[in-house]
Amino acid sequence: MKYGARNQLIGKVTGVKKGSLMCQVSLSIPANSSMASVMTIDSLEDLGIKKGDKVRVVVKAINVLLVKE
Amino acid sequence: MKYGARNQLIGKVTGVKKGSLMCQVSLSIPANSSMASVMTIDSLEDLGIKKGDKVRVVVKAINVLLVKE
Amino acid sequence: MKYGARNQLIGKVTGVKKGSLMCQVSLSIPANSSMASVMTIDSLEDLGIKKGDKVRVVVKAINVLLVKE
Amino acid sequence: MKYGARNQLIGKVTGVKKGSLMCQVSLSIPANSSMASVMTIDSLEDLGIKKGDKVRVVVKAINVLLVKE
Amino acid sequence: MKYGARNQLIGKVTGVKKGSLMCQVSLSIPANSSMASVMTIDSLEDLGIKKGDKVRVVVKAINVLLVKE
Amino acid sequence: MKYGARNQLIGKVTGVKKGSLMCQVSLSIPANSSMASVMTIDSLEDLGIKKGDKVRVVVKAINVLLVKE
């Protein structure tokens, strides 16, 4: 399985918050960092993920914004 | 300084590859993971970043795709 | 503070509409134009913005679609 | 003609910079602000735009990041 | 009418599911394939679309992820 | 293999055009429609795709813009 995206991390689902149409999945990645993904509840159901599951976290490099503070 | 995005990591620039208009910045994040950002060369010059610099890596949660393998 | 994005405007918050998970922030920019941003309610709380506040409006150029009518 | 996007401004093309595959279109919007769009050169040719042309600038609200400085 | 995006299909609205702020529009495209678009309910109202309507489906090529299984 | 995205089509690679940093992959999908994806050349090499290969085409619904003409 290969993805056309530069960013691929392995995350563990730490929580799912559901809205009326969309949902927000919280993830932990190595070194105690956290990430989050927003998708439709329909997509969440297709994924079939729940707290504790491992998932691949994919982000195209163009969607990564850098800030120099 | 506060950002309206769920994903904010601290990265270190490990390399910059320039194309004719766009460029690709390689980053290391904690736990030896790597990430990448693509932007215009104009934006790279505004940022003024070079190898070794610390940057904030910002990604809106909607741009994070999860895959269950 | 420098951002790796071509589009940076200064906007003033004119309203916030909250859904169950996401929210929509209305903004005015110079010359009586208006813009809007959608984010999670969690991100809104991190930002801590309210009506009348000034914010920086950041958009990567790749997310700008041009139409010739 | 109606678009499913919250952000719609009228811009004037002030310049086009071509890379090998992508290009960057500079725009002026009211009140002397400037914006930019990145697209493929193929899309630029479909648009058929040149310096001085008026275009509609469309951005989905989810792609607008707010920062509180 | 010309769009600065590589992906333009003609779709037919097969359903609209409304959340509290966002909505999800289901579409059929040729060869019995289906697609979906998420937008704000405000944008849906601007569009004024309903089941059975024809719409143009526009996606910038940078937002298309390829996977090799 | 499950993806957290509403849009998943099967496409066939019909061509690859390389720039200096980015590349553009042309695809045919059922009913003689065509699509395109832009990614880094690094991602193209990871994918290892060539003309004639079948790929999964994944697009998050939020990145789909509808236009009513």
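A few remarks follow.
Lettered A, B, C, D, E and F in written order, each chain numbered from 1.
Everything below uses one rule, namely that a contact is a pair of C-beta atoms (placed from the backbone, for glycine too) under 8 Å apart; a residue touches a chain by one contact, two chains touch by 3 or more.
Since the structure is predicted, the reported quantities are computational estimates derived from the model, not experimental observations.
Using the contact threshold fixed earlier, the set of chains in contact with both chain B and chain E is A, C, D, F.
The greatest centre-to-centre gap from chain A, using C-alpha centroids, is found for D. Although chain D and chain E share one sequence, what matters here is the overlap of their interface residues, and that overlap exceeds half of the numbers used.
Between chain A and chain D the centroid-to-centroid distance comes to 29 Å (mean Cα coordinates, whole Å). Averaging C-alpha coordinates per chain places the centre of chain A 21 Å away from that of chain F.
As a whole-number value, the distance joining the C-alpha centres of chain A and chain B reads 17 Å. Averaged C-alpha coordinates put the centre of chain D at 23 Å from the centre of chain F. Residue positions 1-6, 19-20, 22, 24-25, 36-40, 42, 47-48, 58, 60-63, 65-69 of chain B are each in touch with at least two other chains.
Taken as a graph of touching chains, this assembly fits none of the simple shapes: it is neither a line, a ring, a star nor a complete graph. Working note: touching chain pairs come out as A-B, A-C, A-E, A-F, B-C, B-D, B-F, C-D, C-E, D-E, D-F, E-F. Contacts from chain A toward chain E in the complex involve residues 1-5, 19-22, 40, 42, 58, 60, 62. Chain contact summary for the complex, chain A toward chain F: residues 1-6, 25, 37, 39-40, 42-44, 46-48, 60-61.
The part of chain F that touches chain D in the complex is made up of residues 17-20, 22-24, 36, 38, 62-63, 65-69.
Within the complex formed with chain E, the residues of chain F that make contact are 1, 3, 5-7, 9, 11, 24-25, 27, 29-33, 35-39, 47-49, 53, 55-69.
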